Amino acid sequence: MDFLFFFLFAFIAVACAVSVVVQKHPIASALSLVGVMASIAVLYLQLGAEFLAMAQIIVYAGAVMVLFIFVIMLLNAGAESRSGRSYAAQLMGPPLLVALMASLGFAIMRGFPGGGTVKFDSFQGGTAQNIGYALFTDYLLPFEVTSVLILVAILGAIVLARKEMD
Amino acid sequence: MQNLWLIPALPFLGFLINGILGKKLPKMVINAVAVGSVVLSFLLVLNIWSSGGDLAANPIHQHYFTWIQSGEINIGWDYAVDKLTLIMLMVVTGIGSLIHVYATGYMAHEEGYYRFFAYLNLFMFFMLNLVLGGNYLLLFVGWEGVGLCSYLLIGFYFVKKSASTAGNKAFIVNRIGDFGFSLAMFLIVVNFGTLDFTKVFAAAPGKSTETLTAIALLLLLGATGKSAQIPLYVWLPDAMEGPTPVSALIHAATMVTAGVYMCTRSAVIFTHAPIAMDTVAIVGLATAVFAATIGLTQYDIKKVFAYSTVSQLGYMFLGVGVGAFSAGVWHLVTHAFFKALLFLGAGSVIHACHHEQDMRHMGGLRKYTPVTMAVLACASLAIAGVPGTSGFFSKDAILTAAYGHAPWMFWVGVVTAGMTAFYVWRAFWMTFWGEYRGHGHPHESPWSMLAPLVVLAFLSIAGGFLFNVPKILEGMFPAAEEVPGESMLMGISIAAGLAGIAISYYMYVVNPKLPQRISDGLGGIYRLVYDKYRIDELYDATVVNPVITGSRSLLWKVMDQGVIDGAVNGVGSEAQLAGGWLKMLQSGNIRSYATWVVLGAVCLLILIGVAEGVTR
Amino acid sequence: MAEAMQSINLQAGVPISWYLVLSAVLFSLGVAGFLFRKSIITVFMCIELMLNAVNLSFVAFANQHKQVSGHIFTFFVMVVAAAEAAVGLAIILTVFKNRETLNIDEINSLKN
Amino acid sequence: MNLLDLVIALPALGFVLALLMPRTQENAIKMLALGVSLATFVLSLGLVNGFQSGQTGQQFVTDNIWIASPEIHWHVGIDGLSLWLVILSTFLTPIAILLSWKAIHDRAKEFFAFVLLLEFGLVGVFAAWDLFLFYVFWEVVLVPMYFLIGIWGHDRRIYAAVKFFLYTMAGSVLMLAGIIFIYLRVGTFDYVQILAAISSGHAMLTHTEETLLFLAFFLAFAIKVPLFPLHTWLPDAHVEAPTAGSVMLASVMLKMGTYGLVRFCLPMFPTAARENASWIVALAIIGIVYGGLVALVQPNMKKLVAYSSVSHLGFVVLGIFSFTQIGLDGAVYQMLNHGISTGALFLLVGFLYERRHSLAIADFGGVATVAPWLSIMFLVTTLASIGLPTLNNFVGEFMVLQGSAQANFSWTVFASLGVIISACYMLWMYQRVFFGETNEEVKHHVPDLSLREWACVIPLVVMMVWMGMYSQSFLPVVSEANAKILDQSKMNVPLRVAAPRMTEHAPPDLSRPPVTAAAAGGRADAR
């Protein structure tokens, strides 16, 4: 059952990711990305991260992606033009990608030969309660700093996107 | 007398007041401040003179604060007064007061009146520091300080290029002398561990002759700078660019005698260094003759007196060099009287002739300026060494001592005395006898100028009796050797002086065509002497120009910009070449950059993998 | 690899390394998008994809070690990603306003 | 958080505040910068007040861990050596700000912020007692100066700024390598502990290591000083820099180099310092004479003053490597003197530039007629610079030369030539600029000093007279600190004869038999 689940959503995720990369139109890429995120959210559930799964759906698939789509529509971005080029990326990109994947895979296989296994419900530490407890005890300072970060980000976004810079 | 510091402080206060506020003050106030401060100092000195009877046994020494202190070396701001200092103080403040009074008249119509008196007061401050200082460094303070004031006052008419150049020359030539002086001080500290006069002189007899000779010779280098001796005399004639009271005060009576004072002060060191003593005597004698010959030919009245000053300073050094320190100081005092008078009188003459300094455009002034003529006659008699005048006593004392040391020095001195009498009286005849050859109407000077002249004239005649310096200084220096046949020597020197006067009378009054014929007859030699032996040109050609062109073309252009910068820029261009290749990578394209990042990441991963593989 | 496959007990659950492999694949796809796409928005989305891939590995590790720290990391990454998205999109807007283009190859003022 | 921390922090705070202010509020920014720098100065006077003379070691110490691994401390403190240099920095910053009041028009906000950042770095450099912290401050100083030259400079500013940056970086990278090496060997960046380790023999530096480390540090400092063949960045940087930049560069930044020599090179590497003293002194003396001669022929006032700095700082290096108490005292005093008088020279040259928009000597002439007070102030400064007694430089030069005379009299003979040359170039320049006929340009464009300019000049002139007349206000604490440094630098070296003989012209005895024995002993113990 776990296998089925994993393969199904892993497949969806990879397929959507491929789609993100190959689609010519940004809006299609964006929608594909939503698919990736949703399937990752399911995998989170399987890994026992229920809070994160919900956050993933709400924050990523919801807020962030909506923002993307807004911008795409606002700028009326069409299919990308073919002008411009990067010799470095075109020549070295494909072999590098293969090498990257190979070395990552090698590292994973080498580093986790046996590894543990994941079963649904095998870990229940990812509830909202647990996360909340950790956030407000051990990770209180980073958490608070995060609020500053977000504030700065908001201000930065406002300043940058203002109509006239004076 | 408890407050020695007041003596220099008063002129300094005058300097501050006139210097800062002078522009807005009325002339009366400026005069009162400038003259008043110096006269007050003079009164303070008189007070010491009259009250401090036993200075020989108990010199006054006052310590105010520590100036420099490091390790075991401690240099205080100390003032000390002994007999020698007292004489110098009298000369400086006394003649200083007279010249201040004179200057109020002479400078009355000049621009920058307040500036002039501020500088003059500053000079008094430094000069008093020089003579009051209780250690070499404080003496050096005054020494450099008077050099500064001399620079400022020579360049008083700074719009004139020649004036400011003369000021620079004076300062820089003095600096060369100071180079020697400061090296001497360093040697003194290295060997004695202190600069205090009392301690140094107490310890000096125990030191090796080589050490003391080195110190003495370096001190002498300093003295040749300040007192305009060979080889550093060149600045003094040029210094006549300054206003005449300055020439009188600084470049005749006080500052230039500082070298003599310093050598006398260091008598203990010099007496233990025979070679240095001989050098002093020879330098002095050579300067005396050399300058006197130039003086024979000059037409600028101030230049004549300037070379005369150089020559007379040479006499003083001769006195010091042959061991007759008190005679040297005596001549210093009397020379201060008659040379100040000569300059001030010359100033009066120049004033009368509407700022004409060339004697060929004077003449016949005895009708217009009788008082000036009378006082100048007194001074000229004194400098010629006519019996009874002040110059006679001191010059005779020096020449007698020189005979005791080495007879040839005496004979050279006598010849110089003759020349001195000749050129001073030549100037006198050319100025006051004959017909007036200048422009405009000459007029007598105001009484503010004449009164000091009269006082000085009195001193020039009677100064030898009033200030019997050898008697005052008795016991301070080793007694001069007894010289046999003293009266005969005296007769010879008197004869030389009188002969000089007589010849000049014959050449410039009786037979005025003669000088021209003589100079024509001498031809090239005359030109050479008239051009002051072209020493300035020699220095320019051998020192000044090589240094400047060498610095410019060799050091700056070749060394600095060529070699050093070239080497650095060479490294730079190599780097640029390498940078040119690397620059290709900086395409500005984000995707290219990202590719490089991925390349780096992959390399890292592989490296880590290899490392893992190695460790396993 | 084959040995590893054989040793998997289907009842024991999915091996943790599979999640990691999935994460690696997604990450590489993100890199590929970054390298080959020209639209700045798509490139930006690929960055998000990479972040998600990394998040997945965090959560997988958290499961393996039975610790909540991995979740916290992911949480922070999300926060940062959200902030970054906001600022990044604002920058894209500004760039578009100034340059009238979304093609990153034409936005190369880093040079000169 | 003691007073010293406050003195360091205040300029940094001012820097941040200035950056936060809107750029339109130019006057408010200037007032802020001036206020902050004045407040810093007043606070730093508290350091003088609270400084206990007679205690060895540093005072006003704060020692907190700044970075945990590797362990780097916020370790600051001052002793007699750094006290006056800190004061010099805080004293000159308000003046630098005040003199730029009108001269800086564009990007005023950044300018004044950078000046405050510069002050922060300078005070930090002189106060740091942790090698790494020292290095950080050392580099912090570089940044604002680079921008001051590069943004607000004259025509060739980019060239000058890059040259300045590259020269100083080249040296400081070597120093960083040296610092890291010491860290690896001793295990700490804390200077007090390093000194203790070295003096007790635990550091186990071999002779070659010590020499190489000494050279690494020395090169960094010598470039900053700048010592003779490494000086060519200085004239360019000065000529192109804005007035405030020149003032800070000449007055304080160059002192970082000489300070480093005294603080680090002497106590940490005593043997190497003494062994290499002879050629360093030779370079210093060449610098004295060479700088003077090149200054003599400069057609540009700022360049002239810059080369005169090369000459003056040669004296400082000479004093340091004379290894005598008076020489070292004089060197430190000369650092302060040079800061005051050369700072004033650059300031006054800057005033002339603001009026006439030229630095060429030939464009001036007769300034004394139209601007008498400016000329008088310039004259006083000139005289101070050429070492007239009763003004500050004389005391320093006298002590340095005295110290070198005790070490080796022939050094003094050659170095004293510099004193003559200095009179030549300064007075010649003064004559050409201020004396003579007033030309038309000068007549119309050169007014006398304004009130603001008076406020800049007067403190400097007062200091010149004060330091020249009453050095006892400053010297005793310096002497104490130097005595300690000399003591540290004597380690492993046979004590020289206390009373030097005048006749010997040979270089000081530098043979060092005890060194190897002590080092070997230390090594044996450690194993």
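Residue numbering begins at 1 within each chain, and the chains themselves are lettered A, B, C and D in the order written.
The working rule: a residue touches a chain if its C-beta (ideal position, glycine included) is under 8 Å from a C-beta of that chain, and two chains touch if they have at least 3 such contacts.
Since we're looking at a predicted model, the values are computed, not measured.
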Interface with more contacting C-beta pairs, comparing A-B to A-C: A-C
Separation of mean Cα positions, chain D and chain A [Å, integer]: 55
Whole-Å separation of chain centres (CA-atom averages), chain A against chain B: 90
Between chain A and chain C, centroid-to-centroid distance (C-alpha), Å: 5
Interchain centroid distance [CA atoms averaged], chain C/chain D, Å: 52
In chain A, residues with contacts to at least two other chains: 84, 86, 89, 93, 96-97, 100, 104
In chain B, residues with contacts to at least two other chains: 587, 589, 591, 594-595, 598
Multi-chain contact sites of chain C, meaning residues that touch two or more partners: 31, 35-36, 38, 104-105
Pairwise chain contacts under the document criterion: A-B, A-C, B-C, B-D
Chain A contact footprint on chain C (complex, rising order): 1, 4, 7, 9-10, 12-22, 24-33, 35-39, 41-42, 44-46, 48-49, 52, 55-56, 59-60, 62-64, 66-69, 71-72, 74-76, 78-87, 89-94, 96, 102-106
Residues of chain A touching chain C in the complex: 2-3, 6, 10, 13-14, 17-18, 20-21, 23, 26, 29-30, 33, 36-37, 40, 43-44, 46-49, 51-52, 55-56, 59-60, 63-64, 67-68, 71-72, 74-75, 77, 80-86, 89, 93, 96-97, 100-101, 104-105, 108-109, 112-120, 122-123, 125-126, 130-131, 134-135, 139, 142, 146, 149-150, 152-154, 156-158, 160-161
Contact footprint of chain D on chain B as seen in their complex: 65-71, 73, 137, 140-141, 144-145, 148, 151, 155, 158-159, 161, 164-165, 167-168, 171-172, 175-176, 178-179, 182-183, 186-187, 189-191, 193, 210-211, 214, 547-548, 550-552, 555-556, 559-561, 564-565, 568, 572
Of chain A, residues touching chain B in the complex: 84, 86-89, 92-93, 96-97, 99-100, 103-104, 106-107, 110
Touching residues (chain side chain B, partner chain A) in the complex: 587, 589, 591-592, 594-596, 598-599, 601-602, 605-606, 608-609, 612
